[in-house]
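Next come two complexes built around chain A: one with chain B, the other with chain C.
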Partner chain A sequence: MAEPIKLAGGARIRRRGMSLSQSEGLLGMALVAPVVICLLILVAYPFVFAIWISFTDRQIGAEGSFIGLGNYAYLAGLPSFRATIVNTLVLVLSVQSLKLVFGLGIALLLNQPIRGRRGWRGLILLPWAMPAFVAYITWRLLYAPQGGAFNMILIGLNLIPSHADFLSSRELAMPSVILATFWRGFPFWVISFLAALQTVPQEMYEAAAIDGANAIQRFRHITLPGIRHVILVVTLLSTIWTTNSFENVWLLTQGGPSDATMTFPVLAYFGLQSLRIGEAAAVSVAMLPVFAMLALIAVKMLQRD
Partner chain B sequence: MLTRLTPPQKFAAYGLLVLLALFILFPIYYMLVISLKTPRDIYRLPSLLPVNPTLNNYVQLFVNQDFLTPIRNSLIVAGASTLISVFISSLAAYSLVRLKYLMRDWAGRLILFSYLTPSSLLFIPLAVIIARLQLGNTLHGLIFVYLTFAAPLSTWLLMGFFRSIPADLEEQAMVDGATRLGALFRILLPLAAPGLVAVSVFTFTGAWNELLLALIFTTSPSNWTVPVAVQYLITGDVFRWGLIMAGSVAAAIPVMTLYYLAQRFVVQGLSAGAVKA
Partner chain C sequence: MWIAAGLLATACAAPRAPAPQATTAPEAPATVPTTAPAAPAGGKFTYWGGLIFSDVANKMLVDRITQWGKEKGIEVEVVMINQNETVQRVSAAIEAGNLPDAFDAGVGFMLLLSQRNVLEPVGDVFKEIGDAHGGWLESAAKAVDPAKYGGKIYGVPFGTSGNVLYRRADLLEAKGFNDPPKTWEELGEMAKAINDPPNVYGMGFALSNVGDGNLMANILQAWGGRIADDAGKVCTIDSPETRSFLSWVTELWKAGVFPPGVTTWDGAGDNTAYQSGQAGFIANPGSVYLNIKENDPELAQNTKYSALPAGPKLRIVPQNPNVRVISASSPNKELAKDLFKYLADDQFMEAYYNNAIYGPVLNSQTGFAIFKEGPVHIGLLDLALNGTPPGYPDVDNAAYNEFNTNFLVPKMIQRVVVDNVSIDDAIAETQSACQAIYDKYK
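Up next, the complex of A and B:
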């Protein structure tokens, strides 16, 4: 936060006198207090509380007692939990690579002199403007064995003999979740990259063209350095949110078939439903180190903006 | 941007764009088509086209399924959490951008950190806390819990908008005898009106679309919000896809309309990396 605030502070009215700046300080604290109190109660306290709960055998209606690393030891031996780690990694890495490659590609395409650029941008936004739960329920329908469009098309074109179990076979479930998650998430990347591309000065391309640089050289030496910061910020933010996305897996497969698509948020939700709060909290907290690392880098980068 | 495209390049570019449009539009098209079909037609006459279109699913949704109750609940929850969070966030954002005091950087870091914290990390302790406060299964409880993402989101966005407005006018007003708060309410907030609208749209859609917390904190059907009501449509043994898609369309239309009305700001907000995925 330091950087931007100092900028704003520089534009402040310059009036001297202790009493004034003191009263200004009090006013500042009073104005920020509602949000700060609210977040201390609703974010900071639950955050610490979750860590505490994960060290207890708490259940609904029973406080439970401190059991040290008991829940973590239990999770480490649980096949579902190990599947969850692998699945979350596979899902996040695949979806994020797809978003990066296609997001950048589509943004570069839309940055060409094409007609109706605004219209295309509005079109790209559609999956993003749609509520996530609606998007994933629609994809569940597309994948459905009966009434689903994909099976109808593939069978109609004689590409497959009988309907494919997109969401209920171990091989297809994860790729199906990945594709749907990509569809809903890529517009954020395209729009962010497109906005960044438009800040790269045109003169640099002109100068490069005069120097005889080809398209690939222009991309590597002008475009990429120009939008590097945005690429990093978008990747970080999106990775935090994709890792913690609940709707995609919950609405498409509920983690199935037999944990083939189980991810952290869904496993934690099942833990809460089974009323074993301590274990459920341990599932969430197990994600914390990765989240904390990503969040710290993101905070640094956003403060620099 | 630099050179004009040669004809083959043009052909390739528009070809790719058409494929992209197909990829984006087909799911949405199919959602609309299925929402207009009877259950029998969906299974007996599989087709990508709207054969025998009917509004029966929508009638059923609003008459038999009482879909107006979740819509009312969602309006209350999303409306109230937006009003509360935009109000307290304007004060906080003003304070963080224009005033100087001890622990300001610390408050700013708390807000940014909260903004990045996903609710999937918080829902378990929140469930315990809400139960202890006896707010479980109430709309009040849900409004309260929604401030976890609404308040940091609106504060973070409003800070950006306030920063883009020069402080000169407020300073002038204060030289003319206005107080700090007077300058905030009479000068800055009216100038930031487009920003306030955009932030309200983001916060409202965020709350309208939220599924996980609503699933945990509203247990009886009379308190369900729209996402919860729609997700319970898919838990039966038989998938009533026509009805489910009608519910999805009804849930999506209000927020998608809002989004497109505010599109100019949406794009600004997106490029600031501002919206939660």
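Up next, the complex of A and C:
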């Protein structure tokens, strides 16, 4: 029989034919198992389930049967679906670009020793702290053609002759949704970048300044590489959130006018209204390759670093 | 994934409470003789009621069901849910296997559910309630006609809802229009006459992707247009009648009588426009009436109500009876039927109708004072007696309901007025999308 092994803290375990590393490995797996099981139940199961039912004609209350790519073929023939792909890409790319530029710019500003810096940092969080429902209803009121603040200001300043139909014209609906979505989400980027900026050693800036590097060079060669990981992770997370966001479009335009702002979550919602859960799942799963690609790119870039 | 996550979350919701102890003695006898089934098998009897705009009516329903529970000595849970969320809530509950014992639903949703075998037939209690109250009104009986539901009755109607036309009588009478419009074309002319942008817009009708937008489908039918053929299998949107209807809407749009924003109005768009004095006409089931009666007596004074007008071919005034249904999985089916009888009590329903904007469903209810005195309730009685069944003249089947949940008629209008697509192209697109839906049900 193997000798007991004394562990730190005085605990003893008997090896019973196992090496110490094997015993620790088992213990580790046992400790991690509850988390893994939870993840399998809460993440993997719905994920695989959604993919499976997207290949079936399943309806609420009825099991349905396997129909292969039937749901996808039906969706591909819908003008709404084609508009949805374009709209989702436009929305996500525009919002993420705005968040990156303004998020980084504001974070750099708030990283400087400006007056009332703490107050500004707190204030910047407000849009993110506000419940999404309240935020988008407020934006809807701001955009209102009659009595809306934006129209009153623009008409008052003689910038436009009559009211602008921000949410109901094809030209303005998507930019209006983009602006509201950007406003709601940019604080997360600012705070994340701000935290990352504070980890970049100050000595590197001082050394670069002594070597004659100007502000742009310091930003390009010190700041950006220093917060690269955070930019990648924040971009990845925010892209997924924005692509999945429902309330921004639903509360502002319900996907209209004429599919001008129809996105995947709203289209899936319409599918669910008629209880065709297989079809609704196909809408959401259709975005999976894009998410997978984004995740792959982010992981590759992080590994390369 | 959104769907699966939602369903899973619901599935993980707390299970039903353990069996309660029968503690309370009955406080008052039931006003309607009901049987006394055993205590609920699931430990608690659960009812999902549909929230309506009257807090008083909502409370009355909760109190009545709670009272019934006390009289039966059983624990009752009444959950009032937003009617706009009924589909999602019930869908998630079906997948999770935790449907309430009974719940309120619209007839369209009942049709979808009945085809999935999740509802219990209630023909016996339907007959019992009808016999005890002088019979069902034809509109209520037709709404649950077994011929539409595989030979069975799945719902017990409790109130007919539908649109009543509101008009700004002060503005119209100043222009010489003293009577309500008899036709939609006449309404369009009146709307033009009182149009005074940006203060007042004649036509406060939604053209957006919400339930209110489907009023346009009813107007299309009034024009003689049809969504599908008599068999309910082949789409027939592409017709001269649809062109005529779409030309009429487009002409009014160009005349500027629709308020800005109507193509993206939410469900409260018409309410807001009318209550702020910016719409000359709206079609609304009654929430606006309740609001202005309470908060804006002057506007209430200046408002008159009438039935929806006729089109060139038909007068379409859709009745939309709301029903109480029982889950097929409920272990308390007899209790649920007993509750339905208890809720159908005339004394309760008269008090309930005084606060809820519903038309009657039973002959005994047509004599209630509110249907002779309340301006909107008079219209709702007319709707219940003279309105048109859901979907009429189309076949009210699952495909027709999916067509409406996709808002294809308001979207067709949006294509023309927002995207400047030609009327022919918009109709062709809609015909194609409509047929794709109907093909799924072949």
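Keep this in mind: the second predicted complex is superposed on the first by the 248 of 305 C-alpha atoms of A that agree within 3 Å, B and C clash if a C-alpha of one lies under 4 Å from a C-alpha of the other, contacts with A are read in each partner's own complex, and residues count from 1 in each chain.
The working rule: contacts are C-beta pairs under 8 Å (C-beta built on N, C-alpha and C of every residue); 3 or more make two chains touch, one makes a residue touch a chain.
What you see is a predicted model; the values in this text were computed from it and never measured.
In the superposed pair of complexes, A:S274 makes contact with chain C only, with no contact to chain B. In the superposition on chain A, A:W241 makes contact with chain B only, not with chain C.
By the touch criterion defined above, A:A173 reaches chain C but does not reach chain B. In the superposed model, more residues of chain A are touched by B than by the other of chain B and chain C. Residue contacts after overlaying the shared chain place A:L78 against chain C, while chain B stays out of touching range.
Look at A:F55: by the touch rule set out above, it reaches neither chain B nor chain C. Of the two partner chains, both chain B and chain C are touched by A:A144.
Within the superposed three-chain model, A:G256 lies in touch with chain C and out of touch with chain B [touch as defined at top]. In the superposition on chain A, A:A129 makes contact with chain B only, while chain C stays out of contact range.
Judged by the touch definition given at the top, the superposed model places A:H163 against chain C, while chain B stays out of reach.
Common to the chain B and chain C contact sets on chain A are residues 42, 45-47, 49-50, 53, 60, 140, 144, 146-147, 244, 246, 251, 265, 268, 272, 277, 280-281, 284. Across the interface of their complex, chain B is touched by residues 1-2, 4-5, 7-9, 11-13, 21, 24-29, 31-32, 34-36, 38-40, 42-47, 49-50, 53, 58, 60, 106, 109, 111-114, 120-127, 129-135, 137-142, 144, 146-147, 149, 152-153, 183, 185, 188, 191-192, 195-196, 202, 205-206, 209, 230, 233-234, 237-238, 240-247, 250-251, 264-265, 268-269, 271-272, 277, 280-281, 284, 287-288, 291, 295, 298-299, 302-303, 305 of chain A. Touching chain C in their complex are the following residues of chain A: 42, 45-47, 49-50, 53, 59-62, 74, 77-80, 140, 144-147, 162-163, 165, 167-170, 173, 244, 246, 251-260, 265, 268, 270, 272-277, 280-281, 284-285. In the complex of the two chains, the chain C residues touching chain A come out as 1-5, 7-8, 87-88, 91, 94-95, 112-113, 116-118, 198, 208-210, 259-264, 266, 276, 278, 398, 401-402, 405-406, 411, 414-415, 418-419, 429, 433, 436, 440.
Of all residues in chain B, only 1-5, 13-14, 16-17, 20-21, 23-28, 30-31, 34, 42-43, 46-48, 88-89, 91-92, 94-105, 107-114, 116-129, 131, 144-145, 147-148, 151-152, 155, 159, 162-163, 166-167, 170-171, 174, 180-181, 205, 208-209, 211-212, 215-216, 227, 230-231, 234, 239, 241, 244-245, 248, 251-252, 255-256, 259-260, 263, 266-267, 270-273, 275-277 touch chain A in the complex they form.
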